[in-house]
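We call the chains A, B, C, D, E, F and G, going by the order they appear; numbering starts again at 1 in every chain.
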Amino acid sequence: MEYVYAALLLHSAGKKVTEEGIADVIKAAGLEVDVVRAKALVSALEGVNIEEAISKAAFAAPAPTAAPA
Amino acid sequence: MAAETKHHSTHIPQWKKDEIEDIKKLISAHSAVGIVGVHGIPSSQLQLMRKNLRGMADVKVCRNNLIYRALETSSDDVKQMNKYVEDQTALLFSNEDPFKLYRILEKGRASAPIKAGGIAPRDIVVQKGPTSFPPGPIVGELQSSGIPAGIEGGKVVIRETRTVAKKGDVVNAKLASILARLEIQPVELGLDLRAVYEKGIIYESEILAIDETKYIGDITQAVQRAFNLSINAAYPSKATIGTLLAKAASESRNLAINAEIIMPDFIGELLAKANTQMLSLAQVASQKDANAISNKL
Amino acid sequence: MEYVYAALLLHSAGKKVTEEGIADVIKAAGLEVDVVRAKALVSALEGVNIEEAISKAAFAAPAPTAAPA
Amino acid sequence: MEYVYAALLLHSAGKKVTEEGIADVIKAAGLEVDVVRAKALVSALEGVNIEEAISKAAFAAPAPTAAPA
Amino acid sequence: MEYVYAALLLHSAGKKVTEEGIADVIKAAGLEVDVVRAKALVSALEGVNIEEAISKAAFAAPAPTAAPA
Amino acid sequence: MEYVYAALLLHSAGKKVTEEGIADVIKAAGLEVDVVRAKALVSALEGVNIEEAISKAAFAAPAPTAAPA
Amino acid sequence: MEYVYAALLLHSAGKKVTEEGIADVIKAAGLEVDVVRAKALVSALEGVNIEEAISKAAFAAPAPTAAPA
């Protein structure tokens, strides 16, 4: 998940999620950068509304409340 | 037919030779050859079934010994179909896929009334409820076959659901007639595809009888596995990126709230959590002593 | 509410919830202490498993852990 | 949650939530004060309408009452 | 998901999931191979116990959690 | 499950699921092709709406429904 | 959220979550480091089993997450 965390970090920092951005963050975390994974992630994010995807999580997670009882 | 089975012998009459040749021609002219059981199918029904199959398959009914001989003199692969020739058998020729053939034949099954003296192929149950019969001697006939009947609102009704014959029972003439009048058709008629030969492979009926629900289950499982793998391995793709983002966001939220990390993003939730805890503790306390809690709550 | 918060604070600080404890906290928050109420609360909480009472709330409201892995 | 409880205690006591206020309450509960946390809390609360945040909870987490029983 | 299916196919065929393996399967399916995706997948699977990752219910945002087995 | 993976690969690649398609993919994965299985699968899928089965899985398992684009 | 993502990144990279680590990652994301936040984060995570905290569905009071931004 490191790359995904990196992407979200950039996003929540108000930065564009780019290969270089991810690479910088990954390196700063003391990891070696796997360019291919960064590329794949950026490519997968193309056209994706991150804010929306995130809010779905927030929205989705609490749902089960109904069930437990 | 019975008269002729006697003198099959060394000398084979020409018509038989012709028939064997005919079968062999049909075999080589089709991609698929099936052995079909036709036990108990009245010839009128069989005619109808053949008609319904026209364009998809030809059904040829002939004597087993001729079928046997025709197969015997065919290629080694086809020869093996001999072991399915037994009882009342027909040959089926088609260019359709064996699985499709099987499905078509299954769909073509029809139900039929049981004859007097017939053996119940399954439990035969008469359901309770109204019938279309006006009052009359039918009531007595039903009752004498063990079916509790009476008259209600000017109609004959069956008062209780009854199993009138167990699977394997012989159905007597009286019951058979009653069942026919009740339009209960316990007999299933159909071409029973025992095996199909196609391109060097013999498909037996157990293979041909596909359980679609199992395949659907397999697909579901495969899809789930693919999804699990891609999320658990954090492999980003168009199909999974949304979930990965949601997962990361939810993890960060979980961590922040569970570890009580004080951050502007989550302070609202922490406040809410504390407040909820306070309320539930207050509730517990007030159940023991209403005065323990200010009535502001 | 103040008294319950005080109790929660003491509990989560690993202290026993006592009249004096509550009084101290309430005072620190700049309020006058209502001894009767502090007493009543302490007595009401006697024998109560605070952790459980709290987590029930947490459990009922939110998403049961069940989900993620 | 000590710091959050302290903040809510102050708030429900009608006081402003300040670093010092929090520090006082935390101390009164017999804990050592972690200045950073107090700071972070005050900073996080900046611009936050506590009443609103709480009432959202009440709305969203109505389960507790129902559940315990 | 083509690449993931390819990986699952290889895995269930008892083969190691390699870039070449994936490329071959993808090609056989009549697709052009995207090296980045193949590489990224192999890299993501490094150190992953596929058998385990397959059967562990992935992040279940919404309610259904109850269901998966 | 190899054959099912192969079929899903073809499907998600936008190809028709045919005997030959499956055979090609299976071969590419380094396996010998079992014609009967391939045939049986294709025939079974004839009456199955793969997309529906997939979305059912998506629903039953985790969240993905939301996600996929 | 940046700080939490940074912590998650460090953790999933197998690193200890330290002030310096967080500061490095935050800087790499092009942000200025807020020492108080970094400190508060590290202090909050002390003694916390991150793995567990991550996967345990958090108290899902309000849906506000959607709002933050």
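Heads up, the rule we're going with is that a residue touches a chain if its C-beta (ideal position, glycine included) is under 8 Å from a C-beta of that chain, and two chains touch if they have at least 3 such contacts.
From a predicted model like this one, the values you see are computed outputs, not experimental measurements.
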Exercise. In the absence of chain G, which chains stay connected to one another through touching?
Worked result: one piece
Problem set entry | Chain located farthest away, centre of chain E as origin (C-alpha) | C
Problem set entry | For chain D paired with chain F, centre-to-centre distance based on mean C-alpha positions, whole Å | 54
Seminar exercise, completed: In whole angstrom, the CA-centroid distance of chain B from chain F equals 22
Problem set entry | Interchain centroid distance [CA atoms averaged], chain E/chain G, Å | 30
Exercise. Out of chain A, which residues touch more than one other chain, so two or more?
Worked result: 1-2, 5, 8, 37, 40-41, 43, 48, 53-54, 56-58, 60-65, 67
For this session: Would you mind listing the residues of chain B that make contact with two or more other chains?
Result: 222, 224-228, 231-232, 234-243, 246-254, 260, 262-264, 268-269, 272-274, 276-280, 284
Exercise. In their complex, what parts of chain B are in touch with chain D?
Worked result: 260, 262-264, 267-280, 283-284
Problem set entry | Residue numbers on chain B that touch chain E, as the complex places them | 222, 224-237, 239-240, 243, 246-247, 250
Exercise. If you look only at chain D, which of its residues touch chain B in the complex?
Worked result: 1, 3-5, 7-8, 37, 40-41, 43-46, 48, 50, 53-54, 56-58, 60-61, 64-65, 68
For this session: Sort out for me which residues of chain F touch chain E in the complex.
Result: 1-2, 5-6, 8-10, 12-13, 15, 21, 24-31, 59-63, 66
Problem set entry | Contacting residues of chain D [partner chain G, same complex] | 34, 36-37, 39-41, 43, 53, 56-57, 59-61
